Amino acid sequence: MMWAKIFYAFLALLGGIAYGLFLGGVSRKITARMQNRRGPTIWQNFIDLWKLFRKKTAISHGVMFYLAPMFRLVGGAGTFLLVPIVVGNPYLSNFSFGGDLIVLMYFMVLGCLGMALGAAESGHPHAPIGVTRGLSQMAGYELPFVISVVVLMIADKTTSIEGIVRAQQGGILHWHIFTHPFAAAAAFISLLGMMGSYPFQVVLAPQEIAIGPPTEYSSTFLSYMFSGRSVFAVAKYLLFMNLFLGGASNLLWAFVKTFVIFLWPLFITNVFPRFRLEQSVLFFWTWPSLFGLIDLVRIYLVR
Amino acid sequence: MGKDKNYFLNEKPEKMTYGGVFRKINDWARARSLWVVAYGTGCGSIELRPTFTSRFDAERLGMRMVGTPRQADVLIISGYLTVKTLKRVIRVYEQMQSPKYVVALGACPINGGMYYDSYNAINRLDLYLPVDVWITGCMPRPEAILAGFKRLQGLIDSGKADGWKKYIENLDWYRENQRKIIKNWRMPNYNW
Amino acid sequence: MVNPIIIIGVTLASAFFIGILQVYNRIWARVFFLLTLAFDFLVSGVNFYGFITGKIAKPILVKIGGFPPPIGINLLVGKAEAALGFLIFTIALLGAIHWFVRGLPQPEGKALILFLLLSLGATGISFTGDFFNLFVFVEITSIAAYGLVASSKDEKALEAAFKYMVIGSISSTFILLGVVFLYKATGSLNMLDIAGKLAGGISSAVLALITLMILAGLLIELEVFPVNGWALDVYQGADPVVVALLAGAAVKAFYLVFVKTAHYLPLPSFFHLALLFGGLTYLVSQFFAWRQKDVRRLLGYSSVAQLGLLILVAGFFLNPSVSSSSRLMMGLAMVLLVFNHSFGKSSLFLLADNVKERKIEGWRGVLASNPVFKFSFSTSVFSIAGVPPFPGFWAKILLIFAIPRNYSWVVGLVLLGALAEVVYYFRFYRIASEGKGKKVGRNLASPLISSLILIASVPVVWGMFTDKIHIPVKPEILLLLGISLLVYFLGASRLLQWIASLGVLAYGIYSLYPYIKPDLHGFFLALVLFGGAVLLLATYPGSKKLSSSFYPAYLVVLFSMAGLVLSSTWLSVFVFWEIMSWASFLLINMGKGKKAAWIYAVFSAAGAYAMLGGIYLLPSLSLAPGKFYGLLPAVLISLAFLVKMATSPLHIWARDAYGESPDEFTPLLSGIMSKMGVFGSGLVFLYVLTALSGAGFRYLLGWAGALTAFFMTLLAVFQDDLKKLLAYSSVGQVGYILIGLSLFTPLGWNAALYHTVNHFIFKGLLFVAAAGIIYRVGTSYLPHMGGLIRRMPLTFFATLLAIIALAGIPPLSGFAAKWLLYSALIEKGWIFITVVAFLASTLAFLYCFKILHAVFLGQLQEENENVKEAPWPIALVEVILLIPLGVLGAFPNLLLNPINKVLSGIPGMENPGFHYHKALGIVSKLGHWNAFFLMVFLVGSFLLALVFFALTSARIRKVGQLDVGYSGEVPRAPEDLHFGYGLYDHFRRAVKWLIYPLVSKIWRGIYQWIGAFAEMGRRIYTGDVNTYAAYVILISIIILYAFTGVK
Amino acid sequence: MAFFVASILLILIGLYAVLVKRNIMKIVIGLSLMDTGVNVLIISLGFIRGRTAPIVNIKDLLVNTSSKVVDPLPQALVLTAIVIGVAVTAVALSIVMLMYSKKKTLEIEEYKELKW
Amino acid sequence: MRKWLAIIFLIVLGFFMAKITSSFPFGEEKWGVSRHYVDKGIEENRGSNLVTSIVVNYRGFDTLGEVTVLFLAATALAFLLSTCRCRRRYERREASLIVKTASETLYPLLILFGAYIFIHGHLTPGGGFQGGTVIASAVMLMLLAHFTFHPNHRALSTVEGLAGITFVLIGFAGLIWGGSFLANNIIPLGQWNRLFSAGVIPLIYVAVGFKVGSELSGLITDMIKTTKEE
């Protein structure tokens, strides 16, 4: 059973990476279309990944630099694997027995931290700038996200993702996005921060600090990070799906729902300019947090 | 620069073979995923903006600008090169990871163009860096640039864009030329 | 037994004889003077010895002229008088020694006579049994004092002498009038006779007035507020030797007479009189000294305050309505206070003589130069400020517990004053210990006095723990504390001390091992002993110089913590708490941050005194669940623990105390000592509050913990000093523990206790690593480091794992605490706190990255090119601490099982709130978490990815440090590229409004406002003798009007 | 009775000088006055109307002395008190002399350096 | 303002003192312990001056203290004035011939008178203090009259000290032979109203007389002589 689970999880992981790359391509395509150009093919990210993976040389700045892409990949993959794709389906619930939502929320940091350390070891000044921006922004979007997560935990009296999904069964109106609209709003706004979508895009900020943390990364290293990021994004979509959109009863639903969630930051990112860091932190700490608080107070009162 | 020993890797790059099992796929992918280091050396860099934005949309060829030489595949020499700029260009080029390609824009890199008699302009880029594709014009229009890139893609596809290999093989010769023109070589022997 | 008249007669005769001798031969006069004092010292010593051994059972009654008491004058020497006589001559002898060492005033013969007669007068005051004779001796003392004060070299002394003389004359006029009236009213002058006549209490208004007149005179001599301006001027202006004798001996004689008078003339309102004037004087003077700049005047205020306390004690001591056991305790406290103050203060005054500067600021650096000076100064200051193990400390305890319940406000008053005392004394101490060496004069007497205080503390301590108060203590602890002090004598060799300390600790573990039982005490004992052992290992980084008292103090801290956790009563908790606090103060003061140590001392003292007040309010001292006795004791007791945990807003001491204490000590401070606060809070929740009654308070503490976690984390983000950053982090983490404790659910306590151990592991590790880094790099300033991963890989690895644990990222031990805590919080429904705690732990990532980046990553700076790996003891400890970090990460139940065993002994916590499931791991009511799986999965997939990467990757070349893509430029030097300064400046702009130093501004404001008020209040001492006299008259009128007390 | 009033008045006048006068000498004089007042008071407290001095130097007084002499004890006390008063005054005067020699003034205003 | 405040204070204080004294009717017979002195004084001490008996014997310890106080005062004064650079504001004038001659004549007589007073202290009013004062006044007279008069300081100090020691020694003699300090039973008490009577009382008073005389003389000398011309 265990080995079977691992096997299915591995498959799911590969699927997740592919899906993530695919979504990346889609987003490039959509962005191009929104900008009135043709854009690359949908599979462009696969091509890029392969090119990076097969580059002939690479440089390393030290041990942490070397290990960071692994951290990134493992962090992303681990996050992905802790989120059940289809709750109740033994093949598609991944390793969700490994931990609940609290575990997941801390697990999500692992990849970022490893990545940050590696980037910092490169000795390039842009790396720590980007990292500190990312961490600061994380402090920003974590507040509304936590508020909404706590709302769900309290409302469903469980901290496990499966439990939260089960609590939403029984019709579309049981989805948390409808039962706790304010919390959902807070979470979805914080999703923008998590994805680094445009108003909150100071981390990579290619125009300003080159590409931010991974400035010094190249070749195979970059390909690992690339895939890690892709699967991490998918993990987040899945998580939001499970938390707010009632989970998925089969793969198709999962695909549809995650795609819908994927579109939300994409649309936002293409029409907005960028916040400065303090603006984005303060934004997260005000509007979305206030939204979240509405539901939090409501939960506190009716509990 | 004795001190540099501690801070820079002072080791000659080794020659590389070009082949392997996935060579075909690799070249196909490389050709369709050209990342250009956003480094404008001369007046030609102004032409790159329309090339990459909505009007001409170079991204449909799989190209994109990146901010760091580490991740770039293509170095565009966009116009005339001065001695001062050459130094930086050499360092940027050597910091790029193989396989890497050089595209020279305009007349200036070929023969100095209108600056042919300047005390400070480089007349023949060839002597200093291996150029894979030359795009003539003063300046070449985005259409020409796109055509040049198409050409580059073709070269890569067919495995002929091997300037990076030649550079390593003839590094001593290139270095000699470079040192000849750059009087104050305040750089490590090898840039990584 | 020696007839006390011999003392007086011989002294008088020799005074006369010196009067002759000094005309002819100075040397012989000196010799004779010293001989006389030595003789008096011996004889009074013999008598005192006779009394304390019980050889002299009854008070000695000396009939002068052979007449029975009412007819002739007689001396009545009991225990107290004999003791006082001995005290007077001891101080006189020591003062004389100092005088000879320092140089006598000229013409010296006369000075010697005055000095001799001053001590004689004081002795006479205490010995005499006759009121008029008392007046005579008062005058002898006074005139000798006027002369000596006026003779001081300082020009101001004359002024002081004049004021002293005017006020003294008024006071003795009052005494004389009272005595004569008393004779008229009772027909006798003999104290015992009058006492016999008035045995039933004073009932007539006239007698009451007469008594009050005498008492008013004595109160003026006893320097009560506000008629003590003269005394302060004398303390400030006069020769310190004289002042030492005055404050140390003569005033105590007045005090004895005051007590005796009040005893013999039993005035019903005396209690209130003493309460009012004693209390007022005590409190007001302690605060007046708050910002006093002149050393001698500061000591003067302190003396006055101590006298006020003594008067207060006398009030209780003589109050017949107070139970006899309390009065006995009061008496004991009185003796200890008199001893403590006499010796401590005279020592301080003599030391003040050695430093030319009068201003406190001028004392900068005096402690650095001279170890003997340092020893005597520290001992004296500590004993006066009531630091254990000196008598003043025990006196305070006795005094507090003797105060009857209906006067509990007096407890508050005493403690408030004691706190003020700590504030200004340790400010003084701080200034003296700051700075580089400064020359001080020779001093022989003060070290002698200090040694005396130290020696005297031994029987006092012994008495406290055995018969008098019977503070319960495991004998092993006392033995260990004793041995710890002996380590000091291994002296200069740090290696030797280190090995000896390890030996002592090993013995400590051996002897205390039986007490490690599955309960709260045993749990913390294990933490203290084993944790302490590990951290002690790391304290020997090579050849760095540390004070030779480091190891003794370190061990004392350790064993006092052991004593603390093994306590069975609150009193013992308090005693060990104080020992721990002050020993740790010493250790912190060894670092570079003297001010930090001062703030630490003040906050510790405030907490400890609050705790003492709280304990006083408890109906029973035993550590057992009792009835709920109001919230106040719980709040007060918790304050001490909250201070030690540095819970916001009591945290402001923590940053600098952690950051500037010796690097070798900080791991203990953060890793274990802060956990004593956890232990204490646990005790409060268990034994002072009941499960039901404390809910609101616990919720409040939960918020305090959450806010601490949040704000300290936020402050850590912007901290640029490695140790201060870790300090904030540590404080923030302890905030989580507090949240867990306040939840008071099984899950919450599991979280708290787990995090207690866990925090010890990773924060001990981090501080040890920091010690190694600072030792190698030579700075703790983060922007000056960077890139050390290349030089200190092991330390980096240890720090990395510790940081991962600290951040609570799953595969390591830190996550368990987080998971348990959040589960507990959500289970309990404290949702707002949950949010804050979550956010705080997110913020922690910011500083976690900062530590790793600024120290280890980025560019290696040129000046750190030759840095080596941390010294082997530190490296060893790092490795040792890494083991539990990893093991607990995979198997948290290794720690959770013992914790559950501990909790199963606590009613209401038998059920831990979670269970183990084979697949899901730890399962609570809400969620689940499989630590082992996560560990295996992570390590496995990481290794898999690594292998795959190694197989498929491109040709990887490790490049040089400056080989970065830098816009084609060649970087010039590492510092151009290193981004270490202002890492979070952008974030700071966002949260500026949150990190406004409001709390420290408020505390500073409180400090300064109190200082300003005190300074304003001090203006009543105008220095004008008319005004002083007016105060005297006013106070006398008030006394005569308000305290007649007879209807 | 007049003695009581007078002596108390003396004490109060002395005190008044101490309280109000700004000249050191006057303050010392005040103290001295106060002393005197106290002495007078003591003596008058021992007085018994119609009695003689307690010196038994005639045979007549030897018998039933207690009905013929005044209380001798206050007189003995006052003897001591006077001497002490003298001593205090002497010391006070010497201090005043020293003070004057240092600052050349007797105004109390000049002697307020020690305060607060 | 200050004056009125002081007056109010003092009135209140005076009120309290009056309240106390008013409870002791003036001139009324009220014996306390002194009844014993009056009744038994002659019997126990044989000194006809009861005050002296009290001063020297019953309360001899007070007197010892008193002597000490005086000694102290003298010492303190000498001590303080030795460092004084005291200056006189006015010029001292030579005394007239009449004063000089008279003082020279009176000087021995006054000393003799003083000696008489303290020798007869136990018989007549007066005693050591009074006698000593008279002696000192003789010295003062000489000092005022003669610039050149300078008592021997050393001698004065020696006499002073020896007299004090004598007092204490007599006390100790009482302790050794009489059972208690200052006991008046070590030498025969003698007959009432005779010069050689009252045991140690006259001895002590003589000592006191010497002491007071020399002390006060020294005191006056110090005060006058330390003051230099300007």
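A, B, C, D and E label the chains in the order they appear, each numbered from 1.
Just so we're on the same page, a residue touches a chain if its C-beta (ideal position, glycine included) is under 8 Å from a C-beta of that chain, and two chains touch if they have at least 3 such contacts.
From a predicted model like this one, the values you see are computed outputs, not experimental measurements.
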Touching groups left behind when chain C is ignored (all other chains fixed): A, B | D, E
{"item": "Intersection of the contact lists for chain B and chain D", "value": "C"}
{"item": "Maximum centroid distance from chain B, chain identifier (CA atoms)", "value": "E"}
{"item": "Longest centre-to-centre distance from chain A, chain (CA-based)", "value": "E"}
{"item": "Centre-to-centre distance between chain E and chain C (centres being mean Cα positions), rounded to whole Å", "value": "55"}
{"item": "For chain A paired with chain D, centre-to-centre distance based on mean C-alpha positions, whole Å", "value": "98"}
{"item": "Centroid spacing, where centroids are CA-atom means, of chain D and chain E in whole angstrom", "value": "15"}
{"item": "Chain B and chain E, separation of their C-alpha mean positions in angstrom", "value": "119"}
{"item": "For chain D, residues contacting two or more additional chains", "value": "11, 15, 19-20, 41, 45, 73, 77, 80, 84, 87-88, 91, 94-95, 98"}
{"item": "Junction residues of chain E - those touching two or more other chains", "value": "2, 6, 9-10, 13, 17, 21, 24, 30-34, 37, 58-59, 62, 65-66, 69, 72-73, 76-77, 80, 83"}
{"item": "Shared interface positions of chain A, touching two or more other chains", "value": "54-59, 210, 215-216, 219"}
{"item": "All pairs of touching chains, each written as two labels joined by a dash", "value": "A-B, A-C, B-C, C-D, C-E, D-E"}
{"item": "Chain E residues within the chain C interface of the complex", "value": "2, 5-6, 9-10, 12-13, 16-17, 19-21, 23-24, 30-34, 36-37, 57-62, 64-66, 68-69, 71-73, 75-80, 82-83, 153-154, 157-158, 160-165, 168-169, 171-172, 174-175, 178-185"}
{"item": "Residue ranges of chain C in contact with chain B within the complex", "value": "865, 954-955, 957-963, 965, 967-971, 974"}
{"item": "Residue ranges of chain B touching chain A (in the complex, touch as defined)", "value": "16, 18, 22, 25-26, 29-30, 32-33, 35, 53-54, 57, 59-62, 65-68, 70-71, 73, 97-99, 192"}
{"item": "In the complex, chain B residues that touch chain C", "value": "4, 6-11, 16, 39, 68-70, 87-89, 91-92, 95, 97, 186-188, 191-192"}
{"item": "For the chain C and chain A complex, residues of the former touching the latter", "value": "787, 789-790, 793, 800, 804, 807-811, 815, 818-819, 822-823, 826, 829, 831-832, 834-835, 838-839, 842-843, 845-846, 848-850, 852-853, 857-859, 919-921, 924, 926-930, 933-934, 937-938, 941-942, 945-946, 949, 952-959, 961-966, 974, 977-979, 983-984, 986-987, 989-991"}
